[in-house]
Amino acid sequence: MDFREIIASHPDVQGSTADRLIACIHECLHCAQACRVCADACAAEPMAYDLRQCIRLDQDCADICLATWSLGARRTGRNAELLHRLIELCAEACRLCAEECERHAGMHEHCRLCAEACRSCEAACRAALPEVH
Amino acid sequence: MDFREIIASHPDVQGSTADRLIACIHECLHCAQACRVCADACAAEPMAYDLRQCIRLDQDCADICLATWSLGARRTGRNAELLHRLIELCAEACRLCAEECERHAGMHEHCRLCAEACRSCEAACRAALPEVH
Amino acid sequence: MDFREIIASHPDVQGSTADRLIACIHECLHCAQACRVCADACAAEPMAYDLRQCIRLDQDCADICLATWSLGARRTGRNAELLHRLIELCAEACRLCAEECERHAGMHEHCRLCAEACRSCEAACRAALPEVH
Amino acid sequence: MDFREIIASHPDVQGSTADRLIACIHECLHCAQACRVCADACAAEPMAYDLRQCIRLDQDCADICLATWSLGARRTGRNAELLHRLIELCAEACRLCAEECERHAGMHEHCRLCAEACRSCEAACRAALPEVH
């Protein structure tokens, strides 16, 4: 999945592809997918009721990652201040979800993989912030 | 559209429906619809190219409103701090979109109606904040 | 929530608001909300694991309702054949979800209300079909 | 982005990862991203008004790709008949969007790349159908 090539073809981009922002939205999609699968897998565990806080944070994180992806992919016009705050919020959503998933990473492989995706997305969000102004 | 009745039937709600939060997510859906229609209508105006900043803010606002609706409707588990920050961000997204739409409210009725929906959603977001903790 | 007024202001609508399609997308949003709350409430029931098929159909139905809302609200350009098929699919998603929720409507009020919303959306989808061509 | 590993960890999957379905939802995300960027880039072209049918089909295709991704990633419970029909619809959405984008692929690189992503997603959808039953 190469997002850079098509974003580079946007008429306003003119070489300023903002590669750390592109890496960030790529991680957001990956993380949203991991969180959705983890929530779905938790609901299929016999102990589903005990995993409800994990399901909640997974779904909240997926929603915020998808919103961040949506805004971060746009290059028409400007909305940098809002995007900056959303990316900060996304890093926080990822941190919270990672912490919850890490608690049962030893028992559920989907939680371990989801926590990994969240940590990676959190880092990509923080790395993109200086580029969004 | 009565969201209150079904939220009241959630097993963890127990009478604490948080009515200002329900009003807020109701406004978020209304605002998302208005922003989506306004963006779509702007693209059909012969001066579409000159409305591109409006299209951008409409779409960003719609995405954040939908994320706020998604998180604000959940009552399983807890994620209050994140939700609080998202509602603040949503109020800001609505304010920015309203300001842009107000600039051409005299020329485009869809911009006038969208600005109205954004202002109403901004107010509902701010009113819900004390209830989310 | 009055969708008709802003859709009527779209430059290409010119009086052809397609009111049954507007009623349909309004029901789609209502149904998406009901399905999301029902899925969330099911995950908070101590018997969550036994409600997993209900959670699955709720979430699938919500996703298709939201897609139908998105496409059905657009009036720029044309995509009538695709929209027609999506509305048919949405009616089917609502029927399947309603049937599942009706099975536990006596035990869970959120399932009873969700089934009601699904049946109402199914009917609105079928009523809109002749208008989409 | 490796979706296979986390889907394989779902408790109900038990080795039946359905790899062509996984390839399909991977393409759906890629295509949704390409369609969103193409719509956004079209709105920034000075001839935006003349590209409105392209913007419309891009956005409709992105919405259906995202819904297909959402449903196709779930492995809890069953909803195979609905998913089958949605994947067929997604292939059709991709075909329609590709045909439109191909018309201005010579003039706009984002349309050329978007058409390519749509054709690839259309093929992945058709390849996944025999696996969804």
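Chains: A, B, C and D, in written order; residue numbering restarts at 1 for each.
Just so it is clear, contacts are C-beta pairs under 8 Å (C-beta built on N, C-alpha and C of every residue); 3 or more make two chains touch, one makes a residue touch a chain.
Computed from a prediction, not measured in an experiment: that's the story for all the values here.
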Exercise. What chain lies farthest away from chain C once each centre is taken as the mean of the Cα atoms?
Worked result: A
Exercise. Across the interfaces C-D and B-C, which one involves more C-beta pairs in contact?
Worked result: B-C
Problem set entry | chain B-chain D separation of Cα centroids, rounded to whole Å | 27
Exercise. What whole-number Å value describes the gap between the mean CA coordinates of chain B and chain C?
Worked result: 19
For this session: Could you check chain B for residues that touch two or more other chains and list them?
Result: 43-45, 52, 55-56, 70, 74, 76-77
Seminar exercise, completed: Per the touch rule above, chain D residues touching chain C in the complex are 52-53, 55-57, 59-60, 63-64, 66-67, 70-71, 74, 76-79, 82-83, 85-86, 89, 92-93, 96
Problem set entry | Contacting residues of chain D [partner chain B, same complex] | 43-49, 52, 55-56
Exercise. What does chain D use to touch chain A in their complex?
Worked result: 1, 3, 5-7, 9-12, 26, 29-30, 33-34, 36-38, 40-41, 43-45, 69-70, 73-77, 108-110, 113-114, 117
